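Letters are used for the chains, namely A, B, C and D, taken in the order the chains are written, and counting of residues starts over at 1 for each.
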Amino acid sequence: MIQYSDNEMMALAAGRFIKDGDIVFAGTGVSMLAATAAKRIFAPKAVIFFETGGIDPSLDEIPMAVADLRVMTGTSLNSGLIEAFSIVGHRKLHTVAFLGAAQIDRYGNLNTTCIGDYFKPRTRFSGSGGACDVAAYASGVITFMQHEKRRFVEKLDYLTSVGWYKGGNSRKELGLRRGGALAVVTNLGVLRFHEETKEMYLTEYFPGVTVEKIVESTGFPIDTSMAVEAESPTPGELQILREEVDPQRLICQAILAAPQR
Amino acid sequence: MNRYPEIADRLMGLDEAVSRFVKDGCQLAIGGFTITRNPMAVAYEIVRQRVKDIHLVCHSHGQALDVLIGAGCVRRLEIAYGGNGRYAPTCVRFKKAVQRSEIEFEDYSNYQMSLRFLAGALGMPFLPTKSGLGSDLMNYEGFSPDIRKEAKVASRKYAMMDNPFSEERDEVVLLPALTPDVTILHAQYVGDDGTVRIKGLTFADIEQAKAADTVIITCEDIVPSSFIRMDPDQNSLPPFFVDAIVKAPYGAHPTACYGFYDYDPKHLNLYRKVAEDDALFKGYLDEWVYGVNSWEDYLAKVGMEMILKIKANPVIGYAPGLDRK
Amino acid sequence: MNRYPEIADRLMGLDEAVSRFVKDGCQLAIGGFTITRNPMAVAYEIVRQRVKDIHLVCHSHGQALDVLIGAGCVRRLEIAYGGNGRYAPTCVRFKKAVQRSEIEFEDYSNYQMSLRFLAGALGMPFLPTKSGLGSDLMNYEGFSPDIRKEAKVASRKYAMMDNPFSEERDEVVLLPALTPDVTILHAQYVGDDGTVRIKGLTFADIEQAKAADTVIITCEDIVPSSFIRMDPDQNSLPPFFVDAIVKAPYGAHPTACYGFYDYDPKHLNLYRKVAEDDALFKGYLDEWVYGVNSWEDYLAKVGMEMILKIKANPVIGYAPGLDRK
Amino acid sequence: MIQYSDNEMMALAAGRFIKDGDIVFAGTGVSMLAATAAKRIFAPKAVIFFETGGIDPSLDEIPMAVADLRVMTGTSLNSGLIEAFSIVGHRKLHTVAFLGAAQIDRYGNLNTTCIGDYFKPRTRFSGSGGACDVAAYASGVITFMQHEKRRFVEKLDYLTSVGWYKGGNSRKELGLRRGGALAVVTNLGVLRFHEETKEMYLTEYFPGVTVEKIVESTGFPIDTSMAVEAESPTPGELQILREEVDPQRLICQAILAAPQR
């Protein structure tokens, strides 16, 4: 049986959402792995870019932060933050953003600010960074999550980044003209959002994961009636991930060393 | 006749730049982004001079932010993001300061903060955006009405308005301009005419500098104006926006500087470890800040072995193959 | 695997670029400024294809503006300035068209128009400024309420508001964003990956391109991506904003192109002279536009002698000692 | 007797207003001559820049337009229009702008748009360009005028650029925080503005010009009680103008060839 890490499975599952011509907003970690995998495996004409302003870098080594020097080399353009965010929202472009979060709700709204009271939090996180911005402006957002009940919650402690807001048409009514939560990729499976209600539902469970495990790990009810088992990564896909995307195994290996579920 | 006689007045050491321009209670903006081009030499000097009650205004920041907060220099913070990428997903001393209610803070997003600097740079009172609609960024204000009366603090966190050019209802968020007392930046080059050239990504550095009353630039080197004026398309700031110029090679260490050196993974890992513990962190400051007499002393402590390891390949821009775990 | 397979679809001739993208009645923005880097090859092609009813949106423009107006392609104009510096303090055909009420026009200032392009580029509905307060720019509207209902025309010339962040009364002008159907630019270089590099002053070219639905770039040459990506700090537009790429050496003639050629004083003086007289101007168009079959034909008419005279010294950027009277 | 042209006299008279450290916004023609003369003779630490974005060019040849390639060479920075206008209004800088106009009124308001009805003008001019903008934002404006009654008018046909607006405090009340008309330099003399009323008055008449001639050439009453005769240009000043500033005599010579008044 092929051995692979959560990060590798998640990166490949998310990478499949990217189409040729998409402009992909990448963060660090799995998101970086997914964006690069997408470009090298599924959508060679996609363009990867970063909120820091680096557009389409060669990415011969994997960056450890969005301001890593590795996002500035071999690029089409090195610009700044204003330019980068104006790309995210550009009406001419189809932009897909990869984000991570500490909490998510059923409408794909995200919390990356704090757990507990905002003014006296139990845990303070980094804050919005560009997440609130790309959630407002991108054509679609794919969120990476660790699938745990305390992270998939009925009510966010702080709503940093808007997904489908309160469901239905509520995002548009806020004044946000496009975008919304496209998918959630977790260490257990893939979830999408109902076309009308905008509620999260399960589309795929990863090999070796049960639907029950996912339901138990989700803090709100989810529809699982359309879920199917995901395909395992192919040896070819894993080879590209490990040898081309992350040759130093900074993101693949970190998790490979941990026990497989 | 020397066409550029002014620069001599503005060339100074770190100690003078900080003591003249970075006052207790000042509003301060920092260039760079998370682990890159932080003006660390100036940040350490601010700590060494024990400047107090700083009001920091940041988009997405990392190392300099965390050192300044950890050393107790910061009273008030407007911020989008405090993190060091994989080396500290949330900056540790920032996290502790918020959790312990040691600082007054207010959250914005990265684009929002960038737009606020842009507004300041363009002399505009505000800029409009859609970002923030529906977010708790619009529901929680960190500053009290009393703080809002101070000169450099926005009188409101934001304002809402209906787009007057749209037939339909179209709400936008108006963000107040930022005009910091001081902006500190680290650049690769300053010409001997005072022109600044930043290589690689510029983040919001240029907007932060133009928005400020006073600008301190540290640089890897000072180069002839004949070089810097041979391709002016590449330059970042004209001399008249710059108030203090400090030559500080490796002035961004342990963060990276495109074309010159990579970030220092060993120092960033060490920092995260000590930041988690109050006593260890005090020891870090004693050793790396209070205990060194000059920037040259600091670099000597970093050591030649690491300086050579992080040295950037000048064509590739970073240090290929560097052990970054 | 070719990393940049897309560019082949976007490489085309002048005729195809114009016939595919520049439609009757479209809103059009032109790059460059007065006598520099006007996309003349495209402008002449628009005239040759007899495109009609163009709605031109310009900051300070010169030669391309005047040719398009003179040839009867323009129905409507938003403009800050129509002039060619010392070669025509007011563009002649523009002047005549206004004086004869042949076009619908509306005046803004240069900064105002630039901010409107910037707003379009940033996806903002408007931008605030102090410019215009007290000026007749705010008192005279050129467009009727009917015109204002059209899709690309702002519903109001401007709006006034009181700065919500100021305690005192502080009026600002809000300017509506521009989002042209098409922007045409002339650049020095396009990479074979589609990246655009403009050398020298960029004016508002980048904002105009990002604001538009469709962008046509003519260039002096197409260069390897290995060259253009070796120093990406210098680049102006990423490939995904560009819809048509046309290789057109000397494509800005008779206006100038930094590092490649100076303006052609003989042609600009000839143009001013013929522009003053309707019959002569018709003759000019017959000879220089309708009467030539290709851009190469046009350049052959300009002649080798002049091409050599205006050739820029590549280090100095212009043609030193050129007779410019 | 030293021979000199109107343009040379005007350039030198205007250049004297520039101080070290001033950021000088220059246009074409006399304005270019004046800005360069100021830097080479009176204020070597002044910086010349252009609305097109060229900052502090070497100006080895005189530009024929603000977009002339000659404003892009040897500069500190080549930027764009937005950056240039933000420099004009920057609170940290003392910016002085040279403008020209077709009409001026007693408060230094300018018309560069049209003569006659705006919609059906007798003569249409180039329009504002950056004039309205720098009039709003610069620390001070110096205007070059041909001194004729039809140009110094009671009421402008079109107010393109605001000077002291309606006099007194009216400029500030508009919402313009600084700036205003500093001086007017004509082919006959120099005029400034009364500190309180903001009305134009004569400070200097050029050698060979009478006060009466100036009063006759002005379409509104002006106070001439403080006027003195201006100094003639020195041979040294003229030499710098002709040999360093405009070695090709494109602006000096054009007028030298015309008959002296």
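We adopt the following convention: a residue touches a chain if its C-beta (ideal position, glycine included) is under 8 Å from a C-beta of that chain, and two chains touch if they have at least 3 such contacts.
Nothing here was measured: the structure is a model prediction, and the numbers come from that model.
Chemist: Does A-C or C-D have the larger number of C-beta pairs in contact?
Modeler: C-D
Chemist: Let me have the rounded angstrom distance from the C-alpha centre of chain B over to the C-alpha centre of chain D, please.
Modeler: That pair's centroid distance is 40 Å.
Chemist: So what's the Cα centroid distance for chain C and chain D, whole Å?
Modeler: Computed value for the inter-centroid distance: 28 Å.
Chemist: As a quick test, compute the distance in whole Å between the mean CA positions of chain A and chain D.
Modeler: About 57 Å separates the centre of chain A from that of chain D.
Chemist: Out of chain D, which residues touch more than one other chain, so two or more?
Modeler: Residue numbers touching two or more other chains: 72, 78, 82, 89, 137.
Chemist: What positions in chain C touch 2 or more of the other chains?
Modeler: Where chain C meets two or more other chains at a single residue, that happens at 123, 170, 172, 200, 233.
Chemist: Specify the contact topology among the chains shown, as one of line, ring, star, complete or other.
Modeler: other
Chemist: Which chains touch, pair by pair?
Modeler: A-B, A-C, B-C, B-D, C-D
Chemist: What does chain C use to touch chain D in their complex?
Modeler: Residues of chain C touching chain D: 32-37, 59-60, 62, 79-87, 89-91, 94-95, 98-99, 101, 107-112, 114-115, 118, 130-137, 139-140, 142, 169-172, 200-207, 256, 258, 262-263, 312, 316-318, 320, 324-325.
Chemist: Using the touch definition up top, name the residues of chain D that touch chain C in the complex.
Modeler: 28-29, 51-54, 60-61, 63-73, 78-82, 85, 89, 113-114, 118-133, 136-137, 158-162, 165, 171, 174-177, 248, 250
Chemist: Under the definition above, what is the set of chain D residues touching chain B in their complex?
Modeler: 23, 44-45, 47, 55-56, 58, 72, 74-78, 82, 86-87, 89-93, 137
Chemist: Please output the residues of chain C touching chain B within their complex, sorted ascending.
Modeler: 123-129, 154-156, 159, 161, 163-167, 170, 172, 174, 176-177, 199-200, 233-234
Chemist: Note which residues of chain B are touching chain D in the complex, please.
Modeler: Residue positions touching the partner: 1, 3, 5-6, 121-123, 179, 191, 193-195, 210, 213, 228-229, 232-233, 235-241.
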